[in-house]
Amino acid sequence: MSTPTFGAGIWHFATYVDRYATDGYGDPRTILEAIELAGKVNDLSVVDLNWPFFGGDFSNEQIKTSLDAQGLRAIGITPEIYTRTFSKGALTNPDPGVRRLAHDLITEACDVVRSFGADYVKLWPGQDGWDYPFQVDHGKLWRLELDGLGQLAGENPDLKFVVEYKPREPRVHMSFDSVSRTLLGLEQIGLPNIGILLDFGHALFGGESPADSAQLAIDYGRLFGMDVNDNMRSWDDDMIAGTVHPIELMEFFHVLRRNNWEGVWQLDQFPFREDSVDAANLAIEFLKRVHAALDRLDEDALAAAQEAQDAVTANRLVHGALFG
Amino acid sequence: MSTPTFGAGIWHFATYVDRYATDGYGDPRTILEAIELAGKVNDLSVVDLNWPFFGGDFSNEQIKTSLDAQGLRAIGITPEIYTRTFSKGALTNPDPGVRRLAHDLITEACDVVRSFGADYVKLWPGQDGWDYPFQVDHGKLWRLELDGLGQLAGENPDLKFVVEYKPREPRVHMSFDSVSRTLLGLEQIGLPNIGILLDFGHALFGGESPADSAQLAIDYGRLFGMDVNDNMRSWDDDMIAGTVHPIELMEFFHVLRRNNWEGVWQLDQFPFREDSVDAANLAIEFLKRVHAALDRLDEDALAAAQEAQDAVTANRLVHGALFG
Amino acid sequence: MSTPTFGAGIWHFATYVDRYATDGYGDPRTILEAIELAGKVNDLSVVDLNWPFFGGDFSNEQIKTSLDAQGLRAIGITPEIYTRTFSKGALTNPDPGVRRLAHDLITEACDVVRSFGADYVKLWPGQDGWDYPFQVDHGKLWRLELDGLGQLAGENPDLKFVVEYKPREPRVHMSFDSVSRTLLGLEQIGLPNIGILLDFGHALFGGESPADSAQLAIDYGRLFGMDVNDNMRSWDDDMIAGTVHPIELMEFFHVLRRNNWEGVWQLDQFPFREDSVDAANLAIEFLKRVHAALDRLDEDALAAAQEAQDAVTANRLVHGALFG
Amino acid sequence: MSTPTFGAGIWHFATYVDRYATDGYGDPRTILEAIELAGKVNDLSVVDLNWPFFGGDFSNEQIKTSLDAQGLRAIGITPEIYTRTFSKGALTNPDPGVRRLAHDLITEACDVVRSFGADYVKLWPGQDGWDYPFQVDHGKLWRLELDGLGQLAGENPDLKFVVEYKPREPRVHMSFDSVSRTLLGLEQIGLPNIGILLDFGHALFGGESPADSAQLAIDYGRLFGMDVNDNMRSWDDDMIAGTVHPIELMEFFHVLRRNNWEGVWQLDQFPFREDSVDAANLAIEFLKRVHAALDRLDEDALAAAQEAQDAVTANRLVHGALFG
């Protein structure tokens, strides 16, 4: 099959803070600087943009010019509904005023999507959830989440929304915690323009088999986007794709191919201590290895092995295709 | 509120083997001996029975007589769809012949339920799932699971079925792995007579908040049963309820009470090395403490704290009610 | 037994940032403001101070005056060897120049300890370790860690050093990852003035039984300090002590009492979204409950149960003492 | 480098039971049948034998004859100190009589080692530990473990003992839970003839980096043996080596090679539902791929990258050597 299009969240090229290195893992960068770095990556074509644009007061036009200069296109806009204002929740905030702020910020992000001709509004409600036992009325919280999301999708039927689930962080428990919970919610909302942005690492972190998660989302017609990275299964480490779990990552892409899913192969990595361009290059080099291995994979033999649920034969075929 | 009815899986009073102590953690017991032990527990009223009955070739009448003698009632029948025959899957077995065997065994269990006037057929498809990357076609496997389950529920509209999900064990990944995945499947089947048997420890093991899981299942009208135990969150240890996570267990029961859910408080414990009667007694003693603590809990103040998502106030109220 | 002395890390009263809420979970506070808040907590007597002092250029005298005003004493000084400069490691940094900076910063912290008459220099080398497979030569990294630590302890024989281990975060793997690894290292260094600051939550996170960890550190004469909090076992959530795992926390304090360990009961909590004074109050209220429960506990009966490794009896005794 | 010698635990070729499939995952096999199956594996040279020999009353001579016929040699003898008799502990059993039985069984196993000219007695004290909070006096339990082990090593100075640690299972917490705890214990015993049998999967399960664990054990002169398999990091799944974590497995072997460690590359797999010969073949095929990849790896470039702790460069080198 033809080479896929590669993309990345623009935050891949930012610098980071955490609760210990409060002075950051490097000098702050503007989104323009990040775009410039993204342009240095081999074979990167699209980016997902945080919004409001970080590091300055930039117009959409400035950003477009910068993207054009690097041969990049915006695939999605990610409104920042997880900063201080929303630290107790965006769509599930106990304060109706803050819920309205979240709604308004996302609504503005819709216009940014339209302005860029991007594919979707990406929602990652990382602060929606809870931390402690007994902290929330779980039924009410979930209704707030679905009502808020449904209202936005209903108000913007010309746009696609994608929800990126994750088990936890920064909340101890996120409302959209898994592929199944998210699909359950989206089916309940019942609108066609909300789907899932499946993050390989989030699925792994949640104890899912990412390949199974992808198949499930596809079967519901709701796999609108995806991104990859790697981790140690117990946290969203956002490490370089392929450095820890290459086989499950290959299985994930195998499911996409088998279903003729033809979206962008995106990166969601946080290279805290690494050169971000080099980290992206290594990931894309690995993704190309996987792509080539899938070309080499004997699909008929694999299908027969899977029909028999024969793990040994299936994995022997995979090893033959992936390893030297 | 009035004291709840307490129950237990009859396997609580069996002995166990595992892959190391292949000679067992004690002499094998017949189900009749297990029922006798169950009768020694203070305040135990109902039991869930494995079927075929273990330890001998017993008729339904023999079992009923034995239950009567101990003042016990059968709440559910659990067909053993996880033994050698089904080790590569029951409803998802790659061999259609074995899938049929599973269907037939469950169908026979339906008659046992009718014979005992029990509340439900309990299905725990612990061998349905996969172990390895690339082992299965995930879409097909899930369809087999839902088709098999839907067929049974359709064929027995007079009965209730409950599905007990768990993340894993004995398979590395179980098809019904979480509350959300199970609800997603049950909604897709679309029949009213299949619900969830929510195991507190399975929810905990899966990274769920059991209270949230209960609320979700209730909101879908599908919380048909529940049982409790405890574990270290990373495995289905089936330890004595209340010995490790008393607060989340209290939150779980709080959600049940708030929703006026009035089923049996069941135990699903595996006292490998403990006296099984004493282990059940300790658990029930703890459940009574929780019940009394819920009576003491200031519900209005808690509701206000939860409305504000105020974890500190909520937990102070809980500590005041639960601790001395 | 008499009421324990309670303490807290002064960061308990700071505000926080993380990689998402980069604008922080509240307005930044100076250490003076944090001390003032600490003073509002009921029954808080000592604090552990980050150094350099955050939020401004404060002299030791200013801090002392502020502590005196609140009736607080500094128990330890925690040099910040985990900020940007040290993001690739402090004592294990690949750059010898940065290793020297770490050494010098800690050496300065030693003088601060002397100036305050504090009990110890607290070292939490959170950036010492690795993220990726193949990233480091594990033998060399460990030697750098021990050499760096040993040199400091040797140069400052008049002071005590405590090492606070943790499995991970911010590195994917921390060099001092467990109680056993830390003891192994300290024994190899072989100096009497380095011990462990045992964080209850870090032990829990690492799959340890914190009570066992405490006993082990005591048996090596190296339990120099401790702090408590709570978490979901899979991450260092730094939640309010007693809200999730009250029984294991009680067991931890039981081991301390049985060994006549008489240090400060400290808090290491990060109340991201909570009122920090109220969060500390709730924790201390709980610790007092535990203290009272230990007074009520039938030690002879418990000792007999433990001699028989009788979990049911032991936990029945504990439940009777802890619950209402 | 020359091809390594491959080995396997003989239980790889047995069938298994667990707490659900109590009738087993296949017909029981005798150790003679298992040896015959082991002989069918390509390139398998040595086996580790459970003792007493399972499935019948076989003499050492019968076993030797059978091994000879298959061209196999016994590398170790594993006394079964984890069956019913020892279900509450072997060396740490609360009953001194059972502790003596454990001592006697291991002592007899010593003679079997001598009779076979095997390399070591392998001790896997899987039942030594605890399940519940407050169940044991942790200090006493650990002393029982070390005293029991030290006595055996002292009584049999002509033999080598290896201890295989694991975080848990079947106990909720095993006394020898990690590489560091085990080394700490062995150093305290202080005898030269006790070392570690490092199981790759156990290290992974325990959150260790197996490569780091190997280096640490080597640095203490106590890496006496090793075996490999794979798992999902959260349990001892004993899956086929290389099917999930090929890169960390390669790093593990890289550390062995760098240290000129030249022992047997053993398998400890439990192919519950797979053909055991085929499962062993796939693993060995993978191990040969790793061996060849290590030959291709640019060691100087890797050493330079590790000196700089440069994860991207190091992993690019590894990917180049391992993948096609």
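Letters are used for the chains, namely A, B, C and D, taken in the order the chains are written, and counting of residues starts over at 1 for each.
Methods note: contacts are C-beta pairs under 8 Å (C-beta built on N, C-alpha and C of every residue); 3 or more make two chains touch, one makes a residue touch a chain.
In this text, all values refer to a predicted model and were calculated from it rather than measured experimentally.
Greatest Cα centroid separation from chain A: this falls to D.
Comparing the chain pairs A-B and A-D, the larger number of C-beta pairs in contact belongs to A-B.
Centroids of chain A and chain B (each the mean of its C-alpha atoms) stand 35 Å apart. Averaging Cα coordinates per chain places chain A and chain D 39 Å apart.
Counting partner chains per residue, chain B has residues 88, 131-133, 168, 207, 232, 234, 240, 243-244, 247-248, 273, 311, 315 touching two or more of them. The part of chain D that touches chain A in the complex is made up of residues 207, 232-234, 240, 242-248, 273-275, 278-279, 282, 285-286, 289, 292-293, 296, 311-312, 315-316, 319, 321-324. Touching chain C in their complex are the following residues of chain A: 16-26, 82-84, 87-88, 126-127, 131-133, 168-170, 172, 232, 234-235, 237, 239-240, 243-244, 270, 272-273.
Contacts from chain D toward chain C in the complex involve residues 88-89, 94, 130-140, 142, 167-168, 173, 177-178, 180-181, 183-184, 187, 206-209, 211-212, 215-216, 218-219, 247-248, 251, 254-255, 302-303, 305-311, 314-315, 317-318.
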